[in-house]
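Listed next: structures, encoded as structure tokens.
In the two complexes that follow, chain A is the common piece, with chain B as its partner first and chain C second.
Now for the complex of A and B:
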């Protein structure tokens, strides 16, 4: 067995232990920097490289070499080609080259009943043509647009997959697979009604919001199902709207279908990783109710309180503030990592990730050196 | 005559039906510009209640967004009867989401609250370059520049914008406030802003303090 293959086995075992509630031999680490960061770290143009993926292999090689991580650092990528072909409005590229999700309206308030009656038909017939200009026009043209976009996406994913396989073979990362889905309420907000739209709907027609979340739940479960639940990996659910809701709206509109989603996925034998975005401290008792070993990557919160309330049952991650890497000294950055290790590692159930992804690199700034120092520190000192 | 106290409370409660009925009935009486001003003032006081409830964690961001929508509906209804009088303004603010960032929800909340509080708000939109900020500041000479962003890259763009204002010799003529998810005290210092906030109501208070 090669060294890299042995490292993969070792890392897979660490994650298998972690995800099943056993204490692994050390705290696993995922580099919070993304492909966007990697491209800038290699000194290349962000927009250009996302259009020409052939430039990416040396980018990833340098990225994997320079920063310690136990998992492949190429997750959660929005490739522009198929979005462009589809005429996407919900996912677009900004002037910096970073793909983003502006606040868009895919479904009008008067379309709730149509959606509730048949979410899939409503999405295909009404919502997609509104969000993607490529789905307007003659059926033949729309079919060609869809075919071109799907081909472009599958080519791009295959290319990125090949790079990933090469890096895994060279660096011995854990081989985890992932699926992605959203809480029903978040899906309604992010792609259908917009942040502004749903904020009004919650007050104007809460019953319809609740019914729509129930109606779309089966699609969210399907989207989040792994090809085989026994595979090492997890379903990633980035949470969005709960911190912006009043407690009673959360309890009646957000939580019921979100809980069913996580419970259903867990009952199939899958792990679920939540990105707990923004401030969920007033909802910790709810999170406690989720199935054992739900992975919770927190963006914000008091690490001690989170560990105390959730750390016996769930796997805690996140909380490391990446903005500190931009503004702090190397010592401050390492001290922060130590502080979180001391609080979160004892007793197990801790995975080192940061509070958010690092998507940008100011070449003259301290992020590269600070990030390296933190990753190395946790690698060398990450005992439970 | 419209009961201004009831209106203020309805705005505070975000009671859409009551607000819109009261305002429509009021406009139908063909009121004087002076009376219309009083109605605007009552709505502003209602928005102050909304801000207080937000600070007390009874309202959350979703409620602020809804409040902003209600307020702009209200102002639209009142416009025909307001046009005859000049509204008193407390100051002016240029706002925008900084270069590279497309997120505008926080900026829009702050913008509508600042407008409700009587500021002239010049909103440059999203992905705003440093030079666009500089041009607008030259043109309208605001007291305050508000920069917004959600992504961590916004920190660097904010810094570049402050540098551009400096180079144009405009930095000392304005107060600068930054807002959004990634800002904090360290970032504020590094960027060279005068204040930071992750809370639109608090940011508005800071701005009101500056123009007193």
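Now for the complex of A and C:
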């Protein structure tokens, strides 16, 4: 067995222990920096590298060499080619090469009944043509555009997958797979009704919002289902809107279908990782109710209270403020890592991740050195 | 899922009598795989 294969086995065991509630050998670590960061770290052009993926292998090699991590770093679901082919408006590349998500309205308020009757039909017939120009026009042309876009995405994902396999073989990362889905309420807000639209709907048409969340729940479950639940991995669910809701609206409109989603995925034997965006401190009692060993990566909140209320049942992650890497000294960054390790690691159920992903890299700034120092510190001091 | 844009294997088979007597155990996973691939692609456009 090669050293890399042995490292993969060790790391896989650490994550198996973590996900099953056992105290692992040490605190596992995921580098929070993204593919965008890696390209900038290599000194290459962001837009060009996302279009010409052949430039990415040396980018990832340097990225994996320079920063400690137990899981494959980077990755991207926002590859520009198929969005360009489809004439995307909700996902566009900025002039600086970052893929951005402007606030869009894919579904009008008067289309709730159509959506509730058949969410998938409404998506195909009404929502996608509104958001993607490639879904409009002569049927033959639409079919060809769709075929080109699917082929482009399939080719790009296969290429990125091959790079990932090479890096896993060389650096011995844990071999985890993932699926992505959303809480039904967040799905209704994100690309369909927009932040402003759903905020008004909650007051004007709460019954329709609730019915739409129920109607789309089977699609969210299907989207979040892994090919084989026994594989090492998780379904990733980024949570958006709850902190912007009144308590009573959260209780009636957000929580019921979100809870069913997580419970259903867990009942299939899947791990679920929530990215608990913004501040959920007023909802900790709700989160406690979710199935045991739900992974919760927090953006903001009081680490001590979170550990006390949730740490005996669930797996806690996040909370490390990436902004400190830009503004703090190396010692301050390491001290913060130590503080969180002291609070969250005891008893297990802790996965070191940051409060958010690192996308932009200021070449002359301190982020690279500070990030290296923090990852090395947690690796060297996170042993149980 | 109740949709004219997502077809289960059973629904597909009912619409394609020419598959009678063919190795359905080999055909079904392939047809289902691409039905699901299209579903995932469509939903990813809204995530």
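Annotations for the structure displayed:
Just so it is clear, the second predicted complex is superposed on the first by the 380 of 384 C-alpha atoms of A that agree within 3 Å, B and C clash if a C-alpha of one lies under 4 Å from a C-alpha of the other, contacts with A are read in each partner's own complex, and residues count from 1 in each chain.
As a working rule, a contact is a pair of C-beta atoms (placed from the backbone, for glycine too) under 8 Å apart; a residue touches a chain by one contact, two chains touch by 3 or more.
Fair warning: this is a prediction, and the values are worked out from it, not measured in the lab.
In the superposition on chain A, A:359 contacts chain B only, with no contact to chain C. In the superposition on chain A, A:249 makes contact with chain B only, while chain C stays out of contact range. By the document's definition of touching, of the two partners only chain C reaches A:192; chain B does not.
Put simply, more of the residues of chain A are touched by B, taking chain B and chain C as the two choices. Of the two partner chains placed by superposition, only chain B is touched by A:200; chain C is not. Within the superposed three-chain model, A:103 lies in touch with chain B and out of touch with chain C [touch as defined at top].
In the overlay built on the shared chain, the residue A:323 is in contact with chain B alone; chain C does not reach it. Here chain B touches chain A in the complex through residues 14, 16, 57-63, 65-66, 69, 99-105, 108, 126-127, 129, 151-153, 155-157, 181-182, 184, 186-187, 190, going by the rule given at the top.
The residues of chain A lying in touch with chain B in their complex are 92, 94-96, 98, 100-103, 195-196, 198-200, 202-204, 241, 243-246, 249, 278, 282, 322-324, 326-328, 356, 358-360, 362, 365. Looking at the complex, you find that chain C touches chain A at residues 1-6, 37-47. Within the complex, the chain A residues that touch chain C are 77, 86, 88, 90, 106, 118-121, 123-124, 127-128, 131-132, 149-150, 153, 180-182, 187, 190-192, 218-219, 222-223.
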